[in-house]
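This report concerns only the one structure given below.
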Amino acid sequence: MLKRDLLLAVRNYNDVLIGLFFFIVVVALIPISLNESTQILPRLAPGLVWIAALLSSILSLARLFEEDHADGSLDLILSSGSVYQCVLAKVAAHWLVTGLPLTLISPLIGLAYNLHGEQLSTLFMSLLVGTPVLSCIGAIGAALTTGLRSGSSIIALIVLPLNIPVMVYGAAAVRSSINSPDNVMTYLLLLTAMLIIAVVFAPIATAAALKISND
Amino acid sequence: MLKRDLLLAVRNYNDVLIGLFFFIVVVALIPISLNESTQILPRLAPGLVWIAALLSSILSLARLFEEDHADGSLDLILSSGSVYQCVLAKVAAHWLVTGLPLTLISPLIGLAYNLHGEQLSTLFMSLLVGTPVLSCIGAIGAALTTGLRSGSSIIALIVLPLNIPVMVYGAAAVRSSINSPDNVMTYLLLLTAMLIIAVVFAPIATAAALKISND
Amino acid sequence: MSFNWFKYSSPASFYGISHSIIKAASGIAIILCIVGLYWGFAKTPDILTDQKEYYRILFIHVPAAWMSMWLYVTLVFWAVTGLIFNTRLSYMMAAATAPTGALFAFLTIWTGAFWGKTSWGVWWDWDPRMTSMLILLFIYIGYIALQNSIADTRRADRASALLALVGVICIPVIYLSINCPDPYQCAALHQQSSLKQIEKNILIAMFIMLFATWAYSFAIITHRLRSIILEREKRTQWAQDIVRDKA
Amino acid sequence: MSKQLTIQGLQCERGERVLFSDLSFTVEPGQLCHLNGANGSGKTTLLRTIAGYTLPYAGTVSWNEKPATLSNSSYTQAYRYVGHQNGLKKSLNARENLEFFQQLYGLNASSDSVTSALETLKINDKSQLSIRDLSQGQQRKIALARLLLGSSDLWILDEPFTSLDLASRNLIENLMQQHLHQEGSIILTTHHPLVNIPSGSIHVIELDRE
Amino acid sequence: MSKQLTIQGLQCERGERVLFSDLSFTVEPGQLCHLNGANGSGKTTLLRTIAGYTLPYAGTVSWNEKPATLSNSSYTQAYRYVGHQNGLKKSLNARENLEFFQQLYGLNASSDSVTSALETLKINDKSQLSIRDLSQGQQRKIALARLLLGSSDLWILDEPFTSLDLASRNLIENLMQQHLHQEGSIILTTHHPLVNIPSGSIHVIELDRE
């Protein structure tokens, strides 16, 4: 299943590049409009990078199942008996196209915001563990709103509150790597716990939501 | 023409409320994740409010013509002889659902960021004049990418650079209302000039782009 | 359609003469580049006020900045020609121009960053001219991305041509962006052109380099155009003949 | 000879494949032109080229001796196109969709004419349901109801009978028949036989060239 | 009596309107059940209820004496549904779409069986084009090609002949005929006459109740 979604994602490999590019633009844009001197940048970095991750994840959610619903593939998937795997594959593909590239590029962005050593690796780790959670939770919202006209805004409404904790802890991990390095592990473990719960339960919820949306 | 689009927008009046809610969440979210004391908030406000305006505008762009293309209405519109008016109506509806609510709520947000008197009205005015420009320019990007699979990310790529000046000057207007109130008028006039150019030319470009995309 | 003869004959005949153009232009580019760099390093003063000798970045920075804008103007020219006359060759010209333009925009910012570090003490600041050059770079990238993401060639050509036309508004902005309305706010680092006060030899070297980049662009764009033509005309007899002759 | 559609030396390509070339024919008032051809032979492409949505690679389409393009408004006012897609807004109801169409085309916006169009097609009782809730065939009928709003000279129909039951098909054929009597012309594709239209006014164009 | 579809006392509603109620019938192996009814009479709703996508308001659908729902995997493995929508990914080509289908349903993923399905439907020469670039009828054929992948007992087809030309329609009818011979069963709606299937094996259900 993953294969088709990856195929779809990679066929327009632009998608990956553009997602990445978009991320960079957003993060670059913020200092423009803040017009702040470079000293305060490191303090802003964790929050801004995480907000950008959150927004670029949500931005691409609306299309997660919408197309499958509109073209009738959702019918096929629901009666295939491999709904769970299919949802997992969708989530994985979503992460590979949004979360992973962001994670990979994050050290560079960190450098641009004057982060160093330990801080860079914390930024990287927090994104690596946290962005899949964003994709998992996002999928539930996407499934619930599939077929609704105002889908994309409702998704944001459903998903944002659920995702805020991820973002807060992700940003907190990075921030504490600047101020109090001892706490970094706690935050990362918290994120990992969230990841495990999300990967196990979110696809089940998503599959159930899809059945309801496809009535 | 406007009527149908408004009808569509208002029928799911959720859209308006949610667009607004989304805007507020984003703006409220930023101070949380920045974790900054309230003293620095006024300095951050102009940039952040404008970034949120920009992002929430782009976020809702992808659907601007996509549906018309998929269901065949675009054919009807293109041969109706009132393409220009129709595009204007679409843009107006987009603004009424994204830009206007943000503008109306902006004084409240300004208060939350510790802005006062003159500054609040400048924030309001800059959004009032600037957000329609975002919708106008956005429509061009939406029209060019209608029917493409990777549409929504490419829109961001096309629209962001063109919108950066609007955001920069919008934020600069608010910022100068804090630092050097004399310059506020210059910025607002600049934004007004942009608005006039955008309202006159953008629909023409959009209509041409739609003809190309519907080939 | 009245322009058929133009549409169908031009690519083939252009392909025929293009090889010699590339040879000549790249030769000129190499010679001018050597002369220009020689002039720039040997005939100019080592130290310019407080800028030490780092100011010599200007021999790349300024030509690159001018070329990136000039190439954008030509790109738009070809795009508009294509939109009006429906000539395939002009779309190909536009498509061939974009990567080089993007390269120069990038070079401008890249060299500018180094220069800025040595003379202003910062790599980057949101000076309006830099910002608008960054936007130009993004527009080049947007043009290329839009073209690549549309499978149908004809639609890709027309859509990206329109985007280029919309983006042309950037050029006057870059040109005028020194005149910031609020000096306190945007603290423009770039000043009004000081060309007239500059030392004569610096000016000469700079212009030689300008012509070098111009010739280089001409060569590389023509080269890229050749491959685009071959790719797009692969169904035609003459294109197949060429490929067979090469093999 | 005024309301004549003339196709001259038309060539259309899709993805570097020539679908047809050097195609010439005319459609006179009162005439129905039935494009025939296997799946994928280029019928839809031809109809969209005639309607001006797709540019031809060579040749011309003209109406009333002027080029038939989207920028020729006397042409776009003269035809009605119903394609594979219905062009209906899913969240509006039938009446709202048709009234919007009237506004778009600057027709006399009157809810009476909408009602009578819907009644002619025997779908008026569903006019308050949003399109999303209608069955496939009902949606198609509402798309076709546009043909009855205002007056038009040329109907361009891409498989109008899709999903229609027998009764509705006969209904539509009768409407076509009427349109032809009023000196209108029709160009259509369909894989259903046309049973009610006198074969004298049908002009068949075969698109299969292989 | 094993591969039998039994509908018992079925009632379906849409938006508070009862479409049909107390509907009971069975479809035996080797039998084709042709749902007949005007546009909007509830044929699609019935088919989607049978496939388990829509929940009935009353009554049951059972397969092999067990409830026929989405969570009954021996049922979902046994049928193939082709609805109004084709269920194809526009940016993949025909082969990729069908291979994905094989994976999804845990069929023996083999590109040979895809090739032979495409060849049976005479569409193999288009198998490298993305679906977006295919004509309406070609897309429909590829959706129908799924019927030939793996083996299945029940075909649920909602207007399978939409947009198909005459030759393809005959082809599909022959495939149906073969399926019936192999003790498969079919339940379908169509507004085209079924010409090649012996009327002995056709069982017509009228849905119009008014």
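For clarity, chains are labelled A, B, C, D and E in written order, and residue numbers in each chain start from 1.
Convention: a residue touches a chain if its C-beta (ideal position, glycine included) is under 8 Å from a C-beta of that chain, and two chains touch if they have at least 3 such contacts.
Quantities reported herein were computed from a predicted structural model and do not represent experimental measurements.
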Going only through chains that touch each other, how many steps at minimum separate subunit B from subunit E?
2
Determine the shortest chain-contact distance, in steps, between subunit A and subunit D.
2
Label of the chain whose CA centroid is most distant from the centroid of subunit A
D
Reference subunit C; chain at largest CA-centroid distance
E
Sort the chain pairs by how many C-beta pairs are in contact and tell me the top one.
A-B
Determine the centre-to-centre distance between subunit B and subunit D, using the mean Cα coordinates as centres, and give it in whole Å.
38
Centre to centre, by mean C-alpha position, how many angstrom separate subunit C and subunit D?
48
Chain centre separation (subunit A, subunit B; CA means) in Å
24
Which residues does subunit D have that touch at least 2 chains other than itself?
15, 55, 84, 90-91
Do you know which subunit B residues sit against two or more other chains?
8, 12, 70, 149-150, 154, 157, 160, 164, 168, 172, 175, 215
Would you mind listing the residues of subunit C that make contact with two or more other chains?
126, 131, 138, 141, 145, 149, 151-152, 154
Note which residues of subunit D are touching subunit E in the complex, please.
14-15, 37-40, 43-44, 84, 126, 129, 133-138, 141, 159, 162-169, 191-192
Contact residues on subunit B for subunit D in the complex?
1, 3-4, 7-8, 11-12, 67, 70-73, 75-82, 86, 211, 214-215
Considering the complex alone, what residue numbers of subunit D touch subunit B?
51-55, 70, 73, 76-77, 79, 81, 83-92, 96, 100-101, 103-106
Contact footprint of subunit B on subunit A as seen in their complex:
8, 12, 14-15, 18-19, 21-22, 25-26, 29-30, 32-36, 43-44, 46-48, 50-51, 55, 59-60, 62-63, 70, 149-150, 152-154, 156-157, 160, 164, 167-168, 171, 175
For subunit C, which residues are in contact with subunit B within the complex?
126, 131-132, 134-135, 138-139, 141-142, 145-146, 149-150, 152, 154-155, 158-159, 162-163, 165-167, 173, 181-182, 184-186
